[in-house]
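The data blocks that follow each hold one structure.
Here come two complexes built around subunit A, the first alongside subunit B, the second alongside subunit C.
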Partner chain A sequence: MDTLLTQILNSLFYASTLFLIASGLSLVYGVMRIVNMAHGNLYAFGAYVAAWAVGLAASTLHWSLLFIVLLVGALAAAAVGALLEPTLLRPLYRRPEEYQLLMTFGLLLILEDVMRLVWGPHPLTASALSDALGSISFMGVTYPGYNLFVIAVGVVAAVGLGAFVYRTRFGVMLRATSQNMRMASALGIDVKRVYVQAFTLGCLMAGLGGAIVVPIQGAVLGMGIDALILAFVVVVIGGLGSLEGAAVGALIVGFVRTLGITYFAEVELAVLYLIAAVVLFVRPAGLFARA
Partner chain B sequence: MSPAAARRSAAPQLAAAALVLIGLVAVPWLFSTFQTITVCYGLVFAIAALGYNLLLGYTGLLSFGHSAYFGMGAYTVALLVKYMEWTSMEAFVVAGVLGAGAVAALFGIVCVRYTRIFFGILTLALSQVLWSLALKLFWVTGGTDGLRVPTPKLFFSLLTPAEDKLEFLAYRYYYYVLILFVAATAVMWLIVHSPFGKALQAIRDNETRAEFVGVQVRRYRWVAFVVSGAFTGLAGALWVPLNGLTTPDIVYWPFSGRIVFFVVLGGFRTFWGPIVGAMAYNYLETYAVGYTVYWQLVLGIVFVLIVLTLPQGLAGTAEGLLRRMRRPAPAT
Partner chain C sequence: MTATPALLELDRIDTYRGAAHVLRAVSMRVGEGEAVCLVGRNGAGKTTTLDSALGLLPVRAGRVLFRGQDVTRRAAHDRARLGIGYAPEDAGIFPDLTVAENLMIGKWLAPDGPGTGSVVDDRMRALFPELDALVDRRGLNLSGGQKKMVAVARAMALGPSVLLLDEPFEGLAPVVVTRFVDAARKIKAMGVSLLIAESNVTNAARVADRLYAIDRGEILFEGEPARALEHAEVMKTLRG
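Up next, the complex of A and B:
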């Protein structure tokens, strides 16, 4: 029973970080029809900045304040997004969509090495935070408190993002642009601004994902690429452009990964990709596709 | 374009190609062993790029999973060496092409049902299935250590491996690769200028119209996918003896990105673009790696600049300039 609960919590922990990454990817695609291949590297960038900021502040601030310092990572990724969209993506909207994908691939290469250039080849850690929360015992299991915190952040982010997209005025503009960009523009929505905001929000989610896992996993080179591939699996299963899809996809991938690590570690990734391929075969646009 | 006009425009291209070929034949005499081997890598990558461009340039499908077929070509050879103790390069070439073609046929069934972004993601995801198998089934594939491949026997064992491996690679093996490169280029030229190639371009330009004039869109895409995979597999099979080792890195998706890079750098709207791009990329990477550890940054910046300012790629831009020079601006 207690191992089962631990496994479930592990799955939820995975699902939570995956949702943070995949929701941003999905949001950007939903609004702009761009699959951002650099998304994983923005996640890694968030992780690096958060680890760096926590490292700077760790000696002077009380540990509870360090949770706020983590947000620096998310904000840094958002700032990069706000900078990239108008300068490098906007000139390509008139071109065939291949070019946008190619551009984000170029950004992936650049960001990967920028992180190596700034923070060097050695991993950064921020374990002060995960240590501070220690372990919590309940219902016969002992579980790291920080992992529970990550699960909570994932749930809050899912609810918050859902409320934002479906309940606010900006959300309406976002969805209108997503459904018909020209019509939205004709109705007086500043599409350019919506694009910047959507891209920035997507990057913010990626950065938040990176910042939140860094106390556990640390920031290492290549983490962005691994995360991107998993996020692709999530959005392919759930349906690109759908928030519910990102949540359900993240849960499915989270549980399959946990099962995989226990029972079929060798082919865990292969099984995930096969699930994605099967879903695409049966439901071409994913489980929660709107169109 | 009328047949006569087509012949007229093809003639200078073929003449230029013949000149380049003479240059390529002379490479081992003119340059150092290191330079020759670099060109040899370039030729191998050019074959992969040619195959890739049948999908991107001629069929309009952006694959991010061609590492699967390159890797399949390479691993087929390596596994034949390890388990069957084969040594003949001809057998390797045939097996590599068949192995990669078979995987492409299988993956293609799923992938060609989609276009655009889903095609890209699906090819990527499937290629990563192969990658994780190459990585995780280490008792078969050697895992991250990879598999070693000794120098093979060329031309039905008429040419046995030379004593000095570098000598062998820079002369005999270089010419072997060159011959196959020329053959692959000629075959690809015939394919894209055949009715089949024209049908693919019709699908690229307007799928619905192509369907209406009787092109079986999905089947044609599938055939293009398999041919593309087989060409890339040929490149993989030729690459292994050159590299001496195959690791899961070549099945990992950044390698697919590299093939995309070749084609975008050279220009995917011209026949010669991928070849130019693969050769240029190979030099760019070799020198960038030599000068700085941040070579990926250099490549990324070059890539972003190409996408922003030279969407036609090197060959496409050069072709446009030539055309403008030959035909002065019309009088207004």
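Up next, the complex of A and C:
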């Protein structure tokens, strides 16, 4: 029973981090029809900035305040997004999509090198935070408190993003723009502004994902590409452009990964790709594709 | 030329769609409180004219004036907020949004704010009373006629001074056409000018104070509907 609960918590932990990354990727695609290859490294950038900021503040601030410092990573990724969209992506919307893929892939590589240049080849850590929360015992299991915190952040992010997209004025305009950009502008919506806001929000989610995992996994080169690949699996299963899809996809990948690590560690990733492949065959646009 | 001051004026505009030169020196004006129809066959350049007026397509030459102000380089959303409403031929209803959400967008962005009343306001209800029953329905669950109603009401939500309607009677049963003709007359009575693109001259004559006939991107007639109907050459071109 207690191993089962631990496994479920592990799965939810994975799902939380995956949702944070995949939801931003999906949101950007949903609104702008751009597959942002650089998304993985915006996640990594959030992780690096968060680790760096926590490192600076660790000696002066109480550990509980360091949780707020983590947000610096998310905000930094959002700021990069707010700069990139109007300058490098906007000129490409009218071009065929391979231009956008090349541009965002180029950005992925550039961001990787920028992080190498700024922070060097060695991983950064922020384990003070995960240490501070220690382990929590309940219902016969002992589980890292920080992982529970990550799960909570994932749930709050999912509910919050859902409420934002489905319950607010901006969300209505965001969905209107994603469904018919011409008509949106004919009704007075400033589509350029919606685009930069959507892209910034997507990058904020990626940066938050990076910042939140850094106390556990550290910030290492290559983490962005690994995360991007898993995020793609999530959105292929769930349906690119769908928030519900990102949530369900993240849960599926989270649970399969946990099972995989326990029972078939050698082929864990292969099983995930297989699931993605089956979904592509059966429902090519993903489980939560729009009609 | 009529004596009413021009609310919306196109001044010798040339517009391209990709490489195709669609509009050639098109000039037209819509006066305050006037209903103007742009009549022509399919592909004559009617939609392109409306798109140019709103800024959905850039003009290569010429000017677009709104209340005498040059808006040629202004973005479509700016022109919409200045007071140019638009209902496209396919209605352009957002399929995943409810009718209420479709209507609220315009109200939120209207210069004088959304107000405090219900989603369907008195003016919309006066045009199409059935809107009240549709507010919770999603766009994709509307019939063709309902979509057109919502599109017209949605364009009114911004509180426009001129409404551009692209083929508002297209694909409607004759009884329903009459309802839309009535709606157009009511809109005019509310003090909102109309620019209607229409391929059927008879329908156009039912609402227009003045009409322009367009063929192959050029205006070939301008005047009162009755005069167009008497004009053998114009009628021959319009009927094909």
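Basically, the second predicted complex is superposed on the first by the 291 of 291 C-alpha atoms of A that agree within 3 Å, B and C clash if a C-alpha of one lies under 4 Å from a C-alpha of the other, contacts with A are read in each partner's own complex, and residues count from 1 in each chain.
Here is the rule we go by: contacts are C-beta pairs under 8 Å (C-beta built on N, C-alpha and C of every residue); 3 or more make two chains touch, one makes a residue touch a chain.
Being a predicted model, the structure only gives us computed values, none of them experimental.
Visitor: Report clash or fit for the pair subunit B and subunit C bound to subunit A in the combined superposed model.
Guide: fit
Visitor: Touch check for A:A158: first (subunit B), second (subunit C), both, or neither?
Guide: After superposition on chain A, A:A158 lies in contact with neither partner.
Visitor: To the nearest 10 degrees, what angle do the lines from the C-alpha centre of subunit A to those of subunit B and subunit C enclose?
Guide: 90
Visitor: Have a look at where A:A277 lands relative to subunit B and subunit C in the superposition and call it first, second, both or neither.
Guide: Once the two structures are laid over each other on A, A:A277 reaches subunit B alone.
Visitor: Mind working out whether A:A176 is in touch with subunit B, subunit C, both or neither, as first, second, both or neither?
Guide: Second partner only, subunit C.
Visitor: Have a look and say if subunit B or subunit C is in touch with more residues of subunit A.
Guide: Of subunit B and subunit C, B contacts more residues of subunit A.
Visitor: Looking at A:V150, would you say it contacts subunit B, subunit C, both, or neither? Reply first, second, both or neither.
Guide: Neither: A:V150 stays clear of subunit B and subunit C.
Visitor: To be precise, I mean the smallest distance between any C-alpha of subunit B and any C-alpha of subunit C in the superposed model; what is it in Å?
Guide: Least C-alpha distance: 15 Å.
Visitor: Okay, in this complex, where on subunit C does subunit A touch?
Guide: Touching subunit A from subunit C are residues 54, 56, 75-77, 80-81, 86, 88, 92, 94-97, 101-102, 104-106, 108-110, 140, 154-155, 158.
Visitor: Of all residues in subunit A, which touch subunit C in the complex?
Guide: Answer in residue numbers: 169, 172-173, 175-176, 179-180, 182-192, 290-291.
Visitor: Considering the complex alone, what residue numbers of subunit B touch subunit A?
Guide: 56, 62, 110, 113-114, 116-118, 120-122, 124-126, 128-129, 131-133, 136-137, 253-254, 257, 260, 264, 293-297, 299-301, 303-304, 307-308, 311
Visitor: Going by the contact rule at the top, pick out the subunit A residues touching subunit B in the complex.
Guide: The contact residues of subunit A facing subunit B are 29, 33, 35, 88, 91-92, 95, 97-99, 101-103, 105-114, 116-117, 225, 229, 232-233, 236, 240, 265-270, 273-274, 276-277, 280-281, 284-285.
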